[in-house]
Amino acid sequence: MAFTIYLSGEIHTNWRDQIKQGITESQLDITILSPVTDHDSSDNVGTTVLGVEQDNFWKDHKSAKINALRTNNYISRSDIVIIKFGDKYKQWNAAYDAGLANGLGIPTIIMHNQDLTHPLKEVDAAAQAVVETPEQVVEILKYIMQ
Amino acid sequence: MAFTIYLSGEIHTNWRDQIKQGITESQLDITILSPVTDHDSSDNVGTTVLGVEQDNFWKDHKSAKINALRTNNYISRSDIVIIKFGDKYKQWNAAYDAGLANGLGIPTIIMHNQDLTHPLKEVDAAAQAVVETPEQVVEILKYIMQ
Amino acid sequence: MAFTIYLSGEIHTNWRDQIKQGITESQLDITILSPVTDHDSSDNVGTTVLGVEQDNFWKDHKSAKINALRTNNYISRSDIVIIKFGDKYKQWNAAYDAGLANGLGIPTIIMHNQDLTHPLKEVDAAAQAVVETPEQVVEILKYIMQ
Amino acid sequence: MAFTIYLSGEIHTNWRDQIKQGITESQLDITILSPVTDHDSSDNVGTTVLGVEQDNFWKDHKSAKINALRTNNYISRSDIVIIKFGDKYKQWNAAYDAGLANGLGIPTIIMHNQDLTHPLKEVDAAAQAVVETPEQVVEILKYIMQ
Amino acid sequence: MAFTIYLSGEIHTNWRDQIKQGITESQLDITILSPVTDHDSSDNVGTTVLGVEQDNFWKDHKSAKINALRTNNYISRSDIVIIKFGDKYKQWNAAYDAGLANGLGIPTIIMHNQDLTHPLKEVDAAAQAVVETPEQVVEILKYIMQ
Amino acid sequence: MAFTIYLSGEIHTNWRDQIKQGITESQLDITILSPVTDHDSSDNVGTTVLGVEQDNFWKDHKSAKINALRTNNYISRSDIVIIKFGDKYKQWNAAYDAGLANGLGIPTIIMHNQDLTHPLKEVDAAAQAVVETPEQVVEILKYIMQ
Amino acid sequence: MAFTIYLSGEIHTNWRDQIKQGITESQLDITILSPVTDHDSSDNVGTTVLGVEQDNFWKDHKSAKINALRTNNYISRSDIVIIKFGDKYKQWNAAYDAGLANGLGIPTIIMHNQDLTHPLKEVDAAAQAVVETPEQVVEILKYIMQ
Amino acid sequence: MAFTIYLSGEIHTNWRDQIKQGITESQLDITILSPVTDHDSSDNVGTTVLGVEQDNFWKDHKSAKINALRTNNYISRSDIVIIKFGDKYKQWNAAYDAGLANGLGIPTIIMHNQDLTHPLKEVDAAAQAVVETPEQVVEILKYIMQ
């Protein structure tokens, strides 16, 4: 049975590549979906395509809505949403994706270091698994797809 | 038509009281729901009721799941979920609540200062209104319930 | 069995008052919901509450989203959505409400003169009844609530 | 990830062809759905197939219901519904489609000139993007499918 | 816990009155809903309120759609739909109501004599109970509401 | 866009074959689903597979439930449910299927002679088209799939 | 905010009374629902009301379906389903209720002694809290309703 | 029409293989899904992948949640869930799966010996068929897919 997973969260480390590599090596029949991970492109798509804004709020607004056409669609098509939290940036969009997935009835796997356990307790409590490394994600996928 | 609202997010300022006061003064027929805002009680309820844990992960886990019995229930019964972001702490549970509400088809109003516009752009983009003060929330409620 | 109805569309004639009067005279147990029908207030609420905009698009955007907090909520709580089309203005919001109601599984009654039959054929085809006068709406309500 | 889009609204300009050409040139994996855009065929299908009617209301009614077998089905299968408003005709069916899509939880992109901003404010406020040209639609699709 | 039941089907015997009497005598907290059981009124409401039709098909069509405003609404609000089949008339609307209730996830109790068992096997197979008398319906209601 | 249709109702005339032939001749990409139309097999499957019953009610019950594993599944997968009523037998299962389809949000096309208009008015009123012949069904399918 | 809870499972100990007493003493605004806990009445209702059966399978079948009119209705109206497992009997209906509640999106609290942890691991894993005593249930309810 | 079935329950007899063989021999187009049936692997996956636990409750918890990523996903994708109860072990997870499937609107076939009829009466009453042997399952599948 093929699976579709969505990789949400942190975009400045290579955790997505590590999961992709593990999936390829394990020859798992998984479609891997991600947000646009080019930071500048993601921030500017609204004004680039729809015209400049003087107010940064509307610049962000237009970009975020276009990005949501992709991210919400991908999340709603996924069997599992996997979300990585790191120690940089606010990452509220990652926590938003966790809430959205659970609101849609889609299970989550949350990845983060132990020092983030307390602030992520509500997100973790709604997840099916909490992991620290991409290898653990791959191990879970290998197990459930055996 | 009576409304039910849920006030999510920041617990160390008195924004909830300000909204309650405005609602009372305007005599609006609104049921106001909130999470448990006693920080210690919220953190410890799991171990207090269900027994101690040596591992902090499970301590947090048990508390967060009991809290979710209240918060998820209240969110799902609300007409509008109002979420306040401040400049302290990670506040991932607030962003999670925004995602959960939208996943359940419940509209949101987001409250924060302008300096948080960029990191909150995805959360704001899915909201019906973005405000800076409790007074603006009350004004919106007065308008839609006139 | 009490009913809740939402009266959408035309705001510059007194059709809502005629329906309300008929309901009162017939002593029907009906909660009547409407959008804010003060045109200026409805157009300006966004900038009045949330701050001025230089670009009219965003002025309209902010007002429309606040109005949707009321209209979408009221439509989703209604047993029947009654929508009046007249010969003035574009009235795309009225047609939008018809689509939204049907998308949510809520039946509609459409009111318009016969000369609008052709452009409203898709809206009419999805309705449970097409009427020309407020009196007919009241007759239908009296019949189904007898 | 393949996408399915539905192109609703204006049928007397070639905006659908422009979007199709852009999609073809960009080699995007998109299934493009449309209503029957032959005006006479669409207006007359009810009486042609099911028998003549003396009353125009029922002629329109039968045609509109058969067309809805296609349009509602296509909208419900789409990832994004793209709706073009022009300056001719009432176009209430286009606004109806926007409401229906949102009622079903399907995101919309709205296309129109700036002079229609005010009457379309409710429709625009519920959309993920508001554009003026087919090229902008193609740019959005290219971006989200990169 | 209060219950709401809908009594569908046969309108020329007094089975509804017998159930109502049993509920009253047993002092059960049940809201009892029914279609309009005045046969002429039900058949003619469409043309009486909305204007005459030359074609009987449209006369029936208009009346049936107005009646559906009541019946579908009542069925969707019920905890149990109770449907009586007799030996007269086609009673396709009764079977339709059974299908509609089950499609909406609402349980049914079917009432009929044993000689109708074979033609009603699909309807019975989807029901929670198949009874022969109004007394049995009342007994079931008394039992589940004890 | 491929369509899936379910052909419910009358099993003793060849209307299904006529529709299949028309679809084949028109080279429409349609998956055609039907109930088991072998009358004896359908009536006896319960006792044949699960063991004999002395009481005909349970014999019918077991068969009807196994048949529902097919019919309900096929209806829920269909884009359109097409239901034929004839002048023989009770055909309550056909009316049940119409209700079930509409309860699940799936549109129906109803086929019957004009002399059945009055008893089928509720079923017809919930349909997108009412036809008399298989050729008309094929014409509708050709039109909506052009 | 009033809560509704359903108490499923073990019927030969007084755990329901202990929870009721705790709720009363704490003056919590909770509606408490339960299955019929009179064992004989529950087992025999089918044949008592609907007529005797020679085959025990059908006797059980008729009773279980009537009981489901109550239990499924109560579960679907509850905010929380609380399920007690003991060491006697098979209790498959209790585990079924846990699955049903979760399938309907309703959270569960599971009560059992520690020696049942392993066989209940799937049921526990889907619950918001796992407790050993009625007092703990009351403590959780007091906490979330403070 | 291809079918997908999920085989839940007993893992220490070869009933799954018998059903698979019957499906293969009958050349039915069925995708067969199962839980991980290696008992040790299933019990230990949580600690193997996510790290050891001192408390058996959390060991079971972590494993059960990872297993649910597979089982809940497979159940939600199935057309029919087939569940085997035997005379060993508690098998609460099997009853849970039955409840979950029905809560999600997916029909069930239950397999067990006659001596388990009474304790399984609630589970059986919600099923479309109750069988004793794998051969009967295959016969039902052959019949509904003919």
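Residue numbering begins at 1 within each chain, and the chains themselves are lettered A, B, C, D, E, F, G and H in the order written.
Methods note: contacts are C-beta pairs under 8 Å (C-beta built on N, C-alpha and C of every residue); 3 or more make two chains touch, one makes a residue touch a chain.
Every value quoted in this text rests on a predicted model; they were computed, and no experiment measured them.
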Task: State which chains count as neighbours of subunit C and simultaneously of subunit G.
output: B, E
- prompt: Could you give the fewest steps needed to travel from subunit D to subunit H through chains in contact?
  reply: 2
Message: Angle of the rotation mapping subunit F onto its copy subunit H, from a C-alpha fit, rounded to a multiple of 5 degrees, please.
response: 90
- request: Select the chain at the greatest separation from subunit H, using centres from the mean of Cα atoms.
  value: C
Field: Pair in E-G, A-B or C-D that repeats F-H, with over half of contact pairs matching by residue number
entry: E-G
Query: For the chain pairs D-F and A-B, which is connected through the larger number of C-beta pairs in contact?
result: A-B
Statement: So the chain most remote from subunit F by C-alpha centre is B
Field: Separation of subunit B from subunit G, taking each centre as the mean of its C-alpha atoms, in whole Å
entry: 31
Field: Centroid spacing, where centroids are CA-atom means, of subunit A and subunit G in whole angstrom
entry: 38
Query: Quick one: subunit B and subunit E, Cα centre-to-centre, how many Å?
result: 44
Geometric centre distance via CA averages, subunit H-subunit G, whole Å: 23
Message: I need the residues of subunit D touching at least two other chains; which ones are they?
response: 65, 67-68, 130
Statement: Listed in rising order, subunit E residues that touch subunit G in their complex are 1, 3, 79-80, 107, 109, 128-131, 136, 139-140, 143-146
Query: For subunit D, which residues are in contact with subunit C within the complex?
result: 56-57, 60-61, 63-65, 67-68, 71, 85, 89-104, 114, 116-126, 130
- line: Given the complex, residues on subunit F that touch subunit H span 31, 33, 36, 41, 45, 48-50, 62, 65-70, 72-74, 77
